[in-house]
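Presented sequentially are two complexes of chain A, the first with chain B as partner and the second with chain C.
Moving on to the complex of A and B:
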């Protein structure tokens, strides 16, 4: 890793500043999407035969009677102070609901990414290193299956095998007694294994394919001949290949983590994991606008920040990116 | 180089009957029955056009060709080691320690994500029991040796932060870091500007004389070959067609292909006149003709050229040429001399 040099610092500063307009744009899109979609936001709390006055009163309380720009600015202003409003369905503050769910999703997504990246990186590396051998074919087959298999189906199969038949692991939830507060102990970790393994299959396949292509490409490059020509042993050459492949592999891993953070609705629903995907599903079905908006916003912000981190990490690993 | 020294000194490199085939249907005959010796401290220039097998010959000396797809026969001895039977650590010790290589394009041959200093130090640490800081000191000395300005700062540079000429100097520094007995140079100036080319050639020649290593220098440029070599070997379609001292080959080339190469040279050409280019193209290496590979392009080809084995004409100082007419031109010359 490079010393923190002035070029690197100015790059980080510029990159952080770039995120401000991106975040503003994201929040606007997220607000607009939720409001453009059809459905009455108050349908879940108002009785079907509610009077017009009552409806208008409720609209006023939640601010739905104002114009869209006004609503947006008010929402944005409060969001900047950490107030995402209250959930219409539960009445609890959206911020704390989302934060708790984000914590649970982070636990799941990070675990899945670590498993997926480790296995995928390993498979991909071996496949690329021994290209066209039977090891390559096996690793490629595994990764293709990993990418293609519907993961909610895989989740159900896992539940049938390991929970129903073998009774080794709990099937659903994130802790004993339906608790949604995550703790790092064996009691809770039992609940993590099945969803995390199921989820890890997606990044594993993608990372394996990326790393295989990367390694195969690097080994084709002339500098590898150069390394052999100066007498490096296989493990010496290996270190060079890894350092050359790392920036791109890391970027792919970062993006995968981003997808898993937001895109795990199916798996979280199958395993009743109280994360953002589960919350998002609930918010959509109950037309809980503040909750939906808040969850999407937080997820989008995660994605933006993650991209920022990946860019910075990639740049510090690859000296060629530090110019310009 | 006189004939006595050729026989008195055990050669640094002895290549006998080397053939290299690449897998394929039909297989590619990249190198065919090549034999040559190189004395310690001698510079051999291998001259030939692209695809003539000169780089493949060079890579065989370091065993850099992909093992699975390559079939090598014959014998290659460097500094007393049977290179073709070296395995594992012994092979790695040979590479970079006994013999090292300068590549055509240093922009591709250096690792882009390691600094130049790291890459040189790594080589030194691989071949000598030496600490990391001592290895870095050696790297600095090497950069100074190849006359890279502000060498200390350049140690920290990545290859892409250097100019083409500077990178090739760094490549040379890397290749010479462990004081190899044999330096293999694979068209080291082809990717450079003409002015930089001369500087690198002069540097190489100077370092060769200073360190006394044997050099095999592969090029397609006659001017370059003449500039650096003691002896020349002309290669065509995977075979050596003519060998001799630079002086002899330039003055009295015996093989029509060597003559063609010399005639196609721009130096000394009269402006406004056509250059004598060799007509046609080399034969595909997976379908070499019987007899002389050059016969289809040769203006003097006759029936005897299409039969193998071809007669080899030998002259003084280890000179030889594989051509039906080579000896005849000699008898002609002799006859003319006697008259």
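Moving on to the complex of A and C:
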């Protein structure tokens, strides 16, 4: 890589600084979640016949007797120290529950992104290269199906085909050891196949669409005809096309990973995959607001940071900015 | 003088738009895929409207002995669900709530988002900066997560579901509206209208709206497909529509336990969600190329 130039550095610095108010805003939204929910937040903790003194005591412990700005600052301060409160249902710290689950969600989302990116990139590339051929039409159809299919239903259909009818793969869970002991062996990986393949359909459709448009666009640019005129063979042209399409395609992949991390709740529910989505499902089902709030905060922060990384990576890969 | 300039610009937009819509329609009709998708979507809407006349049975009437009857049972062409209710009738009636939950949030978000985006784009300056930065915060959430966060906090219910989906779709629509309006605002004829003394409100109404609503609308239609999947997804999680209502996502949820008994029956509601989502998606694609909107 070339030496970073001042323009690029200042862009990156501004981009990093810009993330601070966004993170603050995101945490404000997460804080507000508990307060838009109807009903007294203490109802689920206290027994119905709790005395007034006990109620007031609990209000003070949880800080509900303070004003909203005070509560927000207190909550934010604790969250920055890694304290997201305790789950109402299990009584355990939310932070450790989320941390346990995040690993499993990452395993699922990263695998799905890799499958989706590889297949989508391939389909999109072939479609863009042989534009308007039958391959193009097929790839376009696949990408439309990919973005239109309700993935939770696709997950059910996969379970019906491969678990119920064929009995090839397990339907739910993450293998022996449950949620805490993920290992990359067949014993565990067979549980990953169905949810990961189901999940990969979303980025596949979007990546295929993007790459197709990119490739078709690049092939129409003058430098390609220039390369061809110079007598460069198809394979050489191909390398140039890949080089030019890669930064955008990788950026799309990064964003898709973020969407999958945040949007995995439906697929994790279908497959009972012990990740953050499953945790969210439980939080909703049991109206465990601290757990809901904490999980959403962590996932949204992941998304913000991933967005930042994608932007920075894309800037440093952009040849126009590298030259200054 | 001022009046003339304004009137000429006004007439020019009107004449352009009439010819434009005719050519959009002709181009749309030439697109076979889009026409087919449009017909399917129209069929689904008709099915929702005329559900009481089409459906063979009451979608809420169950029969304990008919529970989970397979597809093709006499009197139950598509089988019966876990409470012995006629599947075909529930799928037909399900179109009502499912389409409502999928389309209405996009419509409301289109109205609010377009208003915010056009105002921010036309006014520019600090109004623009503040509005867009606030929207950036909501944009910083993955859409599924934001929808689930809000309706998870608010609890189940049709209204809460509608509200959370609307909040999810306002930022992207406002963003598109802002960028389209900003580019239109810099065009010369707007400058001409401003120079001729037309008020901001009048310029927006007469010259800006006609040029920006099309692209914003096309973008909003592309969100209907996402909204359908998300809305049904909320009900699938136990948020959104509650039992015993017929709604496709909720039906998938309650039939999920029957997956080992009647697997293909359990998958039926998803077929309807898929069909709706894909037809709206292709309809929107066709609309975009017919209107020649670049995104």
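A few comments on the model shown:
Operating definition for what follows: the second predicted complex is superposed on the first by the 277 of 324 C-alpha atoms of A that agree within 3 Å, B and C clash if a C-alpha of one lies under 4 Å from a C-alpha of the other, contacts with A are read in each partner's own complex, and residues count from 1 in each chain.
FYI, a contact is a pair of C-beta atoms (placed from the backbone, for glycine too) under 8 Å apart; a residue touches a chain by one contact, two chains touch by 3 or more.
In this text the structure is predicted, and so the values were computed from the model without any measurement.
Placing chain B and chain C on a common chain A by superposition gives a fit, with no clash between them.
Once chain A of one complex is fitted onto chain A of the other, the partner contacts of A:221 are limited to chain B, with no touch recorded for chain C.
When the shared chain is aligned, chain C comes close enough to touch A:36, but chain B does not. Once the two complexes are overlaid on the shared chain, A:258 sits against chain C while remaining clear of chain B. Once chain A of one complex is fitted onto chain A of the other, the partner contacts of A:280 are limited to chain C, with no touch recorded for chain B.
Of the two partner chains, chain C is the only one that A:300 touches; chain B does not reach it. In the superposed three-chain arrangement, the CA centre of chain A forms the vertex of an angle with the CA centres of chain B and chain C, and that angle is 80 degrees when rounded to a multiple of 10.
Of the two partner chains placed around the shared chain by superposition, chain C is the only one that A:156 touches, whereas chain B remains out of contact. Set side by side, chain B and chain C differ in how many residues of chain A they touch, and the one touching more is C.
Measuring only between alpha carbons, the smallest separation of chain B from chain C in this overlay is 18 Å. Taken together, the chain A residues at the contact with chain C in this complex read 21-22, 25-26, 28-30, 33-34, 36-38, 144-145, 147-154, 156-157, 159-160, 164-165, 258-259, 261-263, 265-266, 269-270, 280-281, 283-285, 287, 289, 292, 296, 299-300, 303-304, 307. Looking at the complex, you find that chain A touches chain B at residues 221-223, 225-233, 236, 240, 243-244, 317-320.
The residues of chain B lying in touch with chain A in their complex are 59, 62, 64, 89, 92-97, 100-101, 103, 105, 108-115, 122-123, 126-127, 158, 160, 174-175, 178. Those residues of chain C lying in contact with chain A across their complex are 133-134, 136-138, 140-145, 148-150, 152-155, 225, 229, 232-233, 236-239, 252, 256, 259-260, 263-264, 266-267, 269-271, 273-274, 277-278, 281-282, 285.
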